[in-house]
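Working notes, beginning with the structure itself.
Here the chain labels run A, B, C, D and E in written order, and each chain numbers its own residues starting at 1.
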């Protein structure tokens, strides 16, 4: 536990040293979203049709982009070797890193969501459900993303590769989450979706750190 | 002439020369702003269509105008810095970016607040709105770059390059966004070009614009002096200045 | 403390060493020598368990994992010197009090740099930060890959002093180095290549 | 000129050594595009309405993502220092790098475009115009992107920052290009757009290497 | 060949050196010595023009820029040894023929590694690749930041041999090193810190 906490503290320090670390995923999210109306056209009806899709894809990309570097610097400067050697659990280490990353990059997205929803003309009901679903989903995204980050940590240009490896894994989450938003806009009950998303979160919580930890172990073996 | 220019460009000389300015600037800006606001809020008659919500104009329009002037100031300082390497220009650039971003943000927010009663929605993808948003992103980019490069001597020059690139692009963005809007959809909401406002409406607006400029300049000026102190904090003259106070 | 039997390793079809057997006892310093590319770093990584592409047997008679310093120092550029040192000790389960840190930093001649991010250190200073863990974490065996490179002469004196102390206390050291290690203890060596 | 050619050759070697380098932007592009039907719902009419916008945004992102690392490895391993010292022109160097990058990451996108267009239900006219506009635009994207890559080369986590710096600059290109596709779908003349896009390309060709070269010069000064 | 007058440099409010004046003549080897963090690398970077945060005057009486090797070696990991060497020479406008490359690689004991990507080399081997440019590009002045670290003893002998040759031919060398440089020529030195 104390290793978990000190790892989280270390990562938060690394992130928070530069305020831009926290803000960048947010700004990225906002910039990507505002590109779509430019490409699609400004008509509110069209936009609100595609709004959930846009918001979701932007959120997935923002998570993945910031995820890519989760273990990179630890690998490159040799910290990862030290962790492996110290005999501390890599699963705990992964959990700590993902948690810190989520605090820095995931949570702010959830908070920004209502504003962004307005801009792309989601209806108000939809916005709250969107924020709720993002709250449930973003830890899952970070957890699953960490597997990709761990797998590609030793490769010179991981960024795109992580995206390619992980985006397909995000598909079920994406489908459930957009369905949930759509259901809430059309006035149906969303409890079922909430359970589903929670189940996925638990599954990711149980499995992703194991997979990521094993990949990290591999990456230092050279 | 150039000599004088160069002497002023030394942060220390600038700081010494301007040390008595800011109470005056502050006082003047406050007078004009308060006067303009009182006039605008209490004495201007409500609009026959929009009612009292029209008064947001006196906050919104000057902010929108300043948002663009602020970028010009930043890019101007950037060019001076790139060409003559005057450190003061870099400090001026650093001082104006967050201020410009805030004013742009103010224009966006007041516009959105105004949009709700008049258009029934917080936001539309109108040309002007969009280019203001992009302007905001440009400011944020410059600030993000400076914050990411913090502590490097090159931060200033990097930001200067980015500002100038943004300056080249700004007219293109504005133009293309105008075009985009008119291409896609007939204007359902239009920000009229030069509304035929009655004198008792535009005169207070003019006062407010002047007030905003004064205010912007004053805050910029104070931030600049602050920036000088922070950057030169290890020099003797700042130490003696601090200990003299 | 360590028993190595019949160790062989081949990388990229180049045999590096084969049937290597040696033992390290408490109080012993083992220097791995060899030309560039002869496999010194590979051997050390095999020993601590960071490289598994070998055949043979490596038998540590220790509970804890040895302390290791490789070509990559494990120093995070965006953290300050103090944060790095604290974290490296934390990893080993050691909770430092500020005085200890202060003392070891000043013996490494890093005082005044406590709150400087490691990205702004010189090459040798960064190496010193990585070496701090050897001073701060009690451990029986030190495995060091070229610990003396990039270190200046006073630092070298200081380090070899600490190495001698460590050996006196019954610790063991396995290191690779191109220069002779000036400790006043007998040095055994393994030659590769 | 010979320096230009040898730089291009070197970069192509670096890229081609890893086939995934070439494929990654493509796959990223395809994955991002295929997420949209999932997020929006698969009705063809809706999709084809928003298709050009989505394709464009995905292309911008794919360019930027792969761009981020344009100068990174040269900076980190010290090659950039050597170029600066050699007295060779950094402008030529930038041009060479952008050209190699475009060959590897830009051109394949243009080729992939017709296929992607079919998938998202663009009409056949639209597809050819799309490919043509992408051909005109993708060098501009790479050139402008190189400024961002050069500015952030010395920073530990450039990826998101590049996106934030550069995406706003892409706005005019995005607008013109989507307008061109829409015009062609609705049967209007697109020559005007072509001139515009060419003009932007020339502007970028003239200015971007200057800005990027100056930023590179900065980055080694430490 | 090089005249330095009243050079001063301060980093992070730490004065590194001030009013440094020295000259380097053809055939001279200047060794910069000093403790870790005393500013050796910074001085060398100032000299070649990679760091501009100094005051004073640096006057090269040369047409070409000197050859420089810093802490970062300028060797690209994903290119092979031969490709790296070819490119480094190309940068200097030198077109190599394969025999030259072969010869210098084998004198650096890298033969057989021509087509191995540099990511699979050992630390010292990578350093040797970076050193190849000094053997291959004719240049009057070599500026080298710790050229001897990570190099084994035979390599050191070979290198100092080449340095002596270079000096005999009227070249100059400015280097930083913690160890004495065993060339049989007079070595002048600048001490920092």
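Simple rule for what comes next: a contact is a pair of C-beta atoms (placed from the backbone, for glycine too) under 8 Å apart; a residue touches a chain by one contact, two chains touch by 3 or more.
The model shown is predicted, which means the values in this text are computed figures rather than measured ones.
Path length between chain A and chain E in the chain contact graph, taken as the least number of steps between touching chains: 2.
Distances between chain centres, each the mean of the C-alpha atoms, put C farthest from chain B.
Inter-chain contacts peak for the pair A-D. With centres computed as the average of Cα coordinates, no chain lies farther from chain D than C. In whole angstrom, the spacing between the mean C-alpha positions of chain A and chain B is 35. A separation of 56 Å divides the Cα centre of chain B from that of chain C.
Look at where the CA atoms of chain C average out and do the same for chain E: the two points lie 28 Å apart.
Annotation: 32 Å between the Cα-based centres of chain B and chain D. Residue positions of chain B with contacts to 2 or more other chains are 134, 137, 140, 144, 148, 153, 177, 180, 184.
Listed for chain C are residues 71, 77-78, 117, 120, each touching two or more other chains. In chain D, the residues touching two or more other chains are 18, 73, 156-157, 161, 164, 167-168, 171, 175, 182, 221-222. Listing the residues of chain E that touch chain C in their complex gives 11-12, 34-37, 41, 71, 109, 116, 120-125, 127-128, 146, 149-156, 178-179. Residues of chain D that touch chain B in their complex: 147, 151-152, 154-155, 157, 161, 164-165, 167-169, 171-172, 175-176, 179, 182, 200, 203, 207, 211, 214-215, 218-219, 221-222. Within the complex formed with chain D, the residues of chain B that make contact are 134, 137-138, 140-141, 144-145, 148-149, 152-154, 157-158, 161-162, 164-166, 168-169, 172-173, 175-177, 179-180, 183-184. Taken together, the chain C residues at the contact with chain A in this complex read 48-53, 64-66, 68, 70-79, 83, 87-88, 90-93, 117.
Across the interface of their complex, chain A is touched by residues 121-126, 130, 133-134, 137, 140, 144, 147-148, 150, 177, 180-181, 184-185 of chain B.
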